[in-house]
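Consider the two complexes below, in which subunit A is the common component and subunit B and subunit C are the respective partners.
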Partner chain A sequence: MSRKWLVPITIVCIISGFFLSFQLKVQANNNNTNPLSQKNTNLVMLINDLEEEIKNQENIIEQIRNDLSNLENRPLPGNLPELQGQLKDARIIAGLTSVIGKGIVITIDDNSDGLKNNPQDDPNKYIIHYAHILSIVSELKVGNAEAISVNGQRLITNSEIRCVGNVILINTTRIAPPFTISAIGSPKHLAEIVTNGELDIMKSTNYPVTLEEFDEVIIPAYKSDLQFRYAKPVKEEDE
Partner chain B sequence: MLKKQHWAIPITLVFLLMGILFSLQFQAQNRISSELSMQKTENLIAMVRDLSEKRQKLASEIVDLNGNLRTQMKSVQDESELFISLNEELTKIQTVTGANTLEGPGLEILIDKQMPILYVDIIHIVNELWASGAEAIAINDYRITQDTSIFYAENEQNMSITVDNNNLTYPIIIKAIGDPNNLDKGLTMPGGIMDNLSLYRAYPIISKVDLLTIKGRNRSFMYYFLNEYKPAEKPADTASPALKT
Partner chain C sequence: MWVLPVFGLLIGIVLGSTLTFQIPLIYVKYMSIAVLASLDSVFGGIRSVLEERFDGTVLLSGFFTNALLAALLAYLGDRLGVDLYYAAVFAFGVRLFQNLAAIRHKLLLQYRSKKNRQLR
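Entry: the complex of A and B
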């Protein structure tokens, strides 16, 4: 008789436990974060496909740019060498070539230990936000960094650092923690600025942070497009 | 019988607790995940849109570059054709290096002295403009390029915002060339930078402009540490621990 009691009660309790927690979850989350929804699954597949295709395109672009710059290095007649020289410089300045030099490498990561120890706390206080990266990058620029990359994404003039939901993007490319920020420039100068700035703030809130100085930091080329549809160069006569 | 009841209560309690703990755990992991499958539908849609646009631009880039490559390969003798091709390439790259003056439609943002705006806000506005597809930006006619520093300087009287160590005078005018509607949307979207500034009662004035001119930069890019890096035949993984892609 007592056995008859036991089984239904445990089942009921398990079910009610799940229901309770489910309810909690629904209230806590925004209602449309449903990983199982068919629409989201399709969107994720679409994103993966697009990213794959973009990666191929970027590899092609890198290849052609390399071929072009090799080809354009050959001796040319007339006043072309001057133009060749300008183009070569412009490529380096724009960020279209891989570069090497003295510099620093910073890594920052989510504070997962902190979150584990305070599971009731707001998780947003423990993850890296795009604003952290933007601050560090801006400080590196104040320190006269000559080239910067984040997780292999070269920062050029038009590079954005932003987030969509919890996803951080640079050059419309997803990057995920841990973040490695490489910069070429005076290692002492760069290190001094960031350690007295954003890195110090992050350390004081227990984010895992490292900084190392190197004699050789390699920063890859920008592999994406330079397509401008609105900005038109003004002829020099009109200036 | 008494013994059996002893069993039932603890077990039910344990199960109940387990259920709740389980789900809490699940929830905590959910909320901070950057996994795509954990993102909101609207964000996924935004990503698809951005990626599709990028794919299109990359396709155009490949067409352009292939055109340049073909010209370079075939017309070794034809000086004028080579000149046109090289010049076209250079002009495109100069949009990024800031070497030439540009014009086009875009946005003008005016910031008054009374507005409580810090240099950090300017950094965020500029970053948001790039994110919204800006093609060129200048602050008080100082062209923004990849090495531009936006910071502050103080003396006894006051603190001023600086761009490449130049003090900005008020009103600060940020000009951006790009699709005026997209640029505007980027700044004014709910929860965006303008929303944020309004919490501090700062209301920069945004106006869409049909044609604005952004001057070329007036200083050259100085570099002392940087060298072009040509990977050897085999990628030199051991050369530096710095490169993580």
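Entry: the complex of A and C
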């Protein structure tokens, strides 16, 4: 028997050995890095960790702000008390302090009864969308609300109300139904404007909504970081 | 006489595990086809040796054209939205099993005929 087959088979063996081990290595690496292969558990863990970190950071911010306000409230000589007052006003306007006053509290929730009775129907018709909250908040602003919060999230100038899949983000915090929208302002005025607007539409489509007027509504301070990295005041002579 | 191919296989494995270059995830699919094609050639070669109809040129050309064509077809399938990749995997897989079965048959027959000769 001739040995002419030896060399070609050896060549093919080298190549296939190379491919085999290479492929094995690639697959082993893939399993570690491909998020889909681990059913996104890594991503979920990442999100949870980051949210935990955000909470910790917010606590630190709150502590620092408390220290700061203690320092600011010391009795001061000269015309500094006047500046102190201005600073306080500015903080209230910016939403960096908790505020209390007359106002209304609206609660809205998913129409789960309606969905139960019509299981074949599109569930989108029965859940609260970010647009509902956005409309109510806009109406409250039209009604001269001085401070608004949704589920404890103070709305300030840079607050977003945004749909991300099946949750709603406000101040980059995930919030879920039922939604409690608190507003400080003239209770009568505010109640009138929302009951003639979005709240009425929601009632007519059988969403469970409530509206209560209170003498004392407490609205918490904005908890997160508030920095202007790009915007700078325009100088007088530039205008 | 089987030492050289086994040695070659070992060399290939060592080469493959020491060489580190990243190939993009998209091409991992084509790599797996190449693996199947090379395995198919190895077993096909062994089979043809046992059946005493071995031809080195046929083996090597078959290996390269099969691997290239399979990769091309898989690529074309990707472009067209048809999973031709699975067809290539299926074809190579079936051939692998057929070759293995033929090798086993041949070896068994050889073993038996040897035994018979010894008995006589």
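Note that the second predicted complex is superposed on the first by the 192 of 239 C-alpha atoms of A that agree within 3 Å, B and C clash if a C-alpha of one lies under 4 Å from a C-alpha of the other, contacts with A are read in each partner's own complex, and residues count from 1 in each chain.
Keep this in mind: a residue touches a chain if its C-beta (ideal position, glycine included) is under 8 Å from a C-beta of that chain, and two chains touch if they have at least 3 such contacts.
Worth saying up front: this structure is predicted, and the values here are computed from it rather than measured.
*Asks:* With both complexes overlaid on chain A, does A:78 touch subunit B (first), subunit C (second), both or neither?
*Replies:* first
*Asks:* On the A-aligned overlay, A:117 touches which partner chain: subunit B = first, subunit C = second, or both, or neither?
*Replies:* neither
*Asks:* After superposition on the shared chain, which partner residues are touched by A:43: those of subunit B (first), subunit C (second), both, or neither?
*Replies:* First partner only, subunit B.
*Asks:* Go through the superposed model and pick first if A:8 touches only subunit B, second if only subunit C, both, or neither.
*Replies:* Once the two structures are laid over each other on A, A:8 reaches subunit C alone.
*Asks:* Where does A:127 make contact in the superposed view: on subunit B (first), on subunit C (second), on both, or on neither?
*Replies:* Only subunit B is touched by A:127; subunit C is not.
*Asks:* Is it subunit B or subunit C that touches the larger share of residues in subunit A?
*Replies:* Looking at subunit A, the partner in contact with more of its residues is B.
*Asks:* Could you tell me if A:20 is touching subunit B, subunit C, both of them or neither one (first, second, both, neither)?
*Replies:* both
*Asks:* Which residues would you name on subunit A as touching subunit B in one complex and subunit C in the other?
*Replies:* 1, 3, 5-6, 9-10, 13-14, 16-18, 20-22, 24-25, 30.
*Asks:* Touching residues of subunit B toward subunit A in the complex: what are they?
*Replies:* That would be residues 1, 4-5, 7-8, 11-13, 15-20, 22-28, 30-34, 36-48, 50-52, 54-55, 57-62, 64-66, 68-69, 72-73, 79, 82-83, 86-87, 89-106, 120, 123-124, 127-128, 130-131, 134-136, 144-151, 177-179, 213-214, 221, 223-231, 239-245 of subunit B.
*Asks:* Which positions of subunit A touch subunit B when the two form their complex?
*Replies:* 1-3, 5-6, 9-10, 13-14, 16-18, 20-22, 24-25, 28-30, 32-33, 35, 37, 39-41, 43-44, 46-48, 50-51, 53-54, 57-58, 60-61, 64-65, 67-68, 71-72, 76-78, 80, 83-84, 86-87, 90-103, 105, 110, 115, 119, 123-124, 126-127, 131, 134-135, 138, 141-142, 144-148, 151-152, 155-162, 164-169, 172, 174, 176-177, 180, 182, 184-186, 214, 216-220, 224-234, 239
*Asks:* Sort out for me which residues of subunit A touch subunit C in the complex.
*Replies:* For this pair, the touching residues of subunit A are 1, 3-27, 30, 34.
*Asks:* Help me check something: in the complex, which residues belonging to subunit C touch subunit A?
*Replies:* It is residues 1, 4-17, 19, 23, 25, 28, 31-32, 34-35, 38-39, 41-42, 45-46, 48-49, 52, 54, 56, 59-60, 63 of subunit C that touch subunit A.
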